[in-house]
Amino acid sequence: MRFFSDNAAAACPQVLAAIAEANRLDTAYDGDAWSKRLDGALSALFETEVAALWVSTGTAANGLALATLCPPYGGIVCHRTAHIQVDECGGPEFYTGGARLLLAEGEGAKLTPETVDGLIADIRPEVHQVQARALSFTNASEYGCVYTPQETAALGALCRARGLGFHVDGARFANAVAGQGCAPADLSWRAGVDALSFGFTKNGGLSAECLVFFRPDLAEEARIRRKRAGHLLSKGRYLAAQILAMIEGDLWLANARAANAAASRLAEAAGGDRLLYPVEANEMFVRVSAAEAASLRAQGADFYDWGPGEARLVTSWDSDPAQVDALAAAIRAL
Amino acid sequence: MRFFSDNAAAACPQVLAAIAEANRLDTAYDGDAWSKRLDGALSALFETEVAALWVSTGTAANGLALATLCPPYGGIVCHRTAHIQVDECGGPEFYTGGARLLLAEGEGAKLTPETVDGLIADIRPEVHQVQARALSFTNASEYGCVYTPQETAALGALCRARGLGFHVDGARFANAVAGQGCAPADLSWRAGVDALSFGFTKNGGLSAECLVFFRPDLAEEARIRRKRAGHLLSKGRYLAAQILAMIEGDLWLANARAANAAASRLAEAAGGDRLLYPVEANEMFVRVSAAEAASLRAQGADFYDWGPGEARLVTSWDSDPAQVDALAAAIRAL
Amino acid sequence: MRFFSDNAAAACPQVLAAIAEANRLDTAYDGDAWSKRLDGALSALFETEVAALWVSTGTAANGLALATLCPPYGGIVCHRTAHIQVDECGGPEFYTGGARLLLAEGEGAKLTPETVDGLIADIRPEVHQVQARALSFTNASEYGCVYTPQETAALGALCRARGLGFHVDGARFANAVAGQGCAPADLSWRAGVDALSFGFTKNGGLSAECLVFFRPDLAEEARIRRKRAGHLLSKGRYLAAQILAMIEGDLWLANARAANAAASRLAEAAGGDRLLYPVEANEMFVRVSAAEAASLRAQGADFYDWGPGEARLVTSWDSDPAQVDALAAAIRAL
Amino acid sequence: MRFFSDNAAAACPQVLAAIAEANRLDTAYDGDAWSKRLDGALSALFETEVAALWVSTGTAANGLALATLCPPYGGIVCHRTAHIQVDECGGPEFYTGGARLLLAEGEGAKLTPETVDGLIADIRPEVHQVQARALSFTNASEYGCVYTPQETAALGALCRARGLGFHVDGARFANAVAGQGCAPADLSWRAGVDALSFGFTKNGGLSAECLVFFRPDLAEEARIRRKRAGHLLSKGRYLAAQILAMIEGDLWLANARAANAAASRLAEAAGGDRLLYPVEANEMFVRVSAAEAASLRAQGADFYDWGPGEARLVTSWDSDPAQVDALAAAIRAL
């Protein structure tokens, strides 16, 4: 009963099949047949013309997007607990050439127009202080909460008004879309998003993320930076094939729904009082005493502690229903 | 009859099998069972204790190695036609934070102690000029020539005397070792090499390179930089598994030998006068008139022009013997 | 009655005389007679062997020191209100190549071992998070408070224990030394400081700061970085001459004492209740209502508001005693 | 008889007087009365609206200009012997965040449209190679040659056609203008120049260069980068005052004419055969045997050797006519 991360799950069979199918000589880098289909496939999915680049990690996708949206002397507004702040070892600073993360607050690891406005209002508009030039949030958030289309659009409006580039770290974007039951466009360009790190690895890929630009003019620079950063794989078709396999036939959505459903079952078992945040995607943060946590582990459950008296449980596309039911029962019995 | 690059070849079956075998939940990043075996496997291969990091591209391996060996204000001696100079879009500058490539000459894209000494002698030893801090060469070279253990050791001695870090870009290191029939150690640490970008992708991998540090104390910094650059894949076991599959059982050597043998057959057919450089690995650069090139292409051969009256033909681990024979015959018949 | 900043004061006559005296042909950069005396003069002042580099701004001195003490992938602990964080437009990020400032709390803009330890304890010691590699504080602090030798030594001990480089931003170091009545060594190397940005501009210089390394081995790298950053002036003797003029004869100390004395007179007039922080150097932060501030301004006083109901008053080496007395009287009369 | 550099000459009396005149309290940074007059004064001089920033060194001016004109992943075309390549310790790489200098040839250290076109034609227009994004030349050149308005305009046209930013390193721009007898506009914006590092230090300043943007929209970014690099001096009025003192009353031109005239007298004495390049500004490069060089030195002349059998002699605004005549006589007598 392993619920410690979707980050380490197996790849789904269709992805492995697509890799095998792509295992033949083709043009190197992104000149192959698979890579060339990427713009079209993502444009269809998002119902607008986009430029789409495969990369192998979310940190790379985030770094490339942010370097394209923020100059070296600019600031990037993000949540104090954002992945780009706490889990990428300074990747944004490296990619941008020294931009600064400007940390805002918000419940459930979610920014709000108020917290962002407050942060920016404190910056003197002069050369002595780093000025905000971009905003980045994570959807689903680091606490498994989801920005709705309306919430996204409100921040998008703020970005336009302030002249900020707008990036979404979508390592679990599929889970966010599945949770909202909306169109991918509603959580991206229709809400003012300029660039999206669209994650596939956590959702059943082997190693594939898609950096989607809703302003396709930004993509040329990102393609150059991708090469320069060593992220232009010579056999890029294997990455493109993974993404295409997950998009075509809506596997990405089915996988995310499966993971979300498993989390919902666990949340139902936990009940409202235990939940630190509403479970809106595939992560659950719960209050458990040390004894309770030990009891769950004694029954075979594997998960992370997340602070004193708190635990994180993550479901994934391949969470075993029997294990989910067993864990749900164990939680109920606490 | 495709001889345009080994960079775009298929992955070999053992590599795909290893990926399938690794397709199960394990610890993320490099905490999994496969990644943990990497140091040991490479140490055994190199007959000394090494630290080994998987990465997905040669550009990343080179950039990480050079950033570890050269400060932002230093210079990296390399050949004027080195891959790091002409094919990585400034990757070394990005990774090092602004170091400069110092370009030396040499036949067959190979540095010599004389060309390197001459270059360094021209630098005034004062703060106004960028001082050399590292040396990097490619083995096999960009023209398919191989540095022998003696040649490598001579440059290694120069590096020690000058206080330069010594890096080898080994995108085709397997072909170099196969060509020399020596131990991997002879072309690396025994000759003074500090860090090696050991390539697997061109040699039958799907997407895997191994950055090998012969001074293991350098690896900690490289691991941090790898994360920061977005090259620490969350499912790193798929990269480790590829490398292990190719090392264990000496598949890397068998593949390289096959590619080299195919190139030798073509070289024999071409004869000495046509060859721009001796064929010592898996690349052949030949003099052909435009009419001759057209004739070969009319017979189905696929290759790059490499300047006026010159062509490059590259064999790979899976070059079809029948196609090699057919091309050899076509070359003989020119 | 201008009390808004020491940063904009005139240069003192001895400094102008020294510049005039240096106005003759000599070797360029730092090869001249004045620059060559710098190491010796500062070593004498600090009672130990130091390496001393002139630069023209505090931001440059800070950036060069931090780049020498912290790698691009490291973190620099500083106070949330430190000058390097709020007033240098990302200078540290630029100089270090993307290091991150790690923000700690503390009364009076002063770090304590407790706040620093707490900050570091929250960092997971793994490649996903930016690790602290240096600590920097400002003495006198941004709120005019002074770290004592004991407080400095406590943080120095913490730095040694944690393996952090220790930098002091001493834009008002002279005021701190004057305030403590101790030896310059007591607030620097004897307390474990590795590098000090020793400010002269605010203290009567025209444009001169001295970057002092108490580990002289660090200076070579800093000299290279200074050139690279465009801070190696071709007529460096004018900077060296300013510093020498202020050190020789203890003008630096006399000027600082004058400024501090003026601030003390104002503090006495204000009385304890108005003071936000103890006045230990040449800055006073006071509580004043809007009406009171307007009243002082109506009487000719010039100063900055520093938040609602708060004002900052800064004295300088040349604060006019009559003006100080007049302002003191006006404050008393509020 | 010191002819080794104009870089180390004294400052002229008017400059020192202007500094003394500016020695009073004013607003810090560039908010003072002198700094505010800079845009206007330079706009008048160049007969168009410009934005002008003081900085203290040419390396800083060049770095800021290039960072504004070239992205981190771009290339800057310059001469193989350009100051930015051989004398700034990688300053351009530091300021741009890793851009690359692309080295072209040309007689007298001067680029030509042909050499630049040839260089660019060799770059494959794809992400694997660093693409040219800016061009920078030095006027007067590193060998004392001057680009005419026509030559400048030809390179300006090339820049427009290729989409390159156009920067002129004008450490000796005054000498170039004096040599051509043209308007400053003719060697700058009328010929397509975007940014000029206008040097005053070598021409009688104490420490002042002026970065002039002929596209004023570029200046905002440069102002931010200046602060970030530690080049926004708190008492900037002393720099502005120097520049104003030299511009108002055309002191800059008088000083440059004096230096050029001295060089011309030496060139006349040397005669055509000895001259490596025509003497068009204030530098002379001559062929002299070791014995001849020793003879000149025995007579009190001070200058640099510039390669085997070559010497460089530099005159300055304050070259003593008697010394110039003495040296001229000594050269004639060789």
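As written, the chain order gives the labels A, B, C and D, with residue 1 at the start of each chain.
Everything that follows uses one rule, which is that a residue touches a chain if its C-beta (ideal position, glycine included) is under 8 Å from a C-beta of that chain, and two chains touch if they have at least 3 such contacts.
Since the structure is predicted, the reported quantities are computational estimates derived from the model, not experimental observations.
Of all chains, the one whose mean C-alpha position sits at the greatest distance from that of subunit B is C. By number of C-beta pairs in contact, A-B leads over the other of A-D and A-B.
A straight line joining the Cα centres of subunit B and subunit D is 43 Å long.
Each chain gets one centre point, the mean of its Cα atoms, and the points for subunit A and subunit B are 34 Å apart. Subunit A and subunit D, compared by their mean Cα positions, are separated by 50 Å. Taken residue by residue, subunit A touches two or more other chains at 72-73, 88-90, 94, 97-98, 127-128, 224, 227-228, 232, whereas all remaining positions touch fewer.
Contact residues of subunit C toward subunit A in the complex are 72-73, 86-90, 93-94, 96-101, 127-130.
Residues 2, 5, 7-11, 16, 19-20, 23-28, 32, 55-63, 88-91, 94-95, 201-202, 206-207, 224, 227-235, 238 of subunit A touch subunit B in their complex. If you check the complex, the residues on subunit B that touch subunit C are 71-73, 97-98, 127-128, 131, 221, 223-228, 232.
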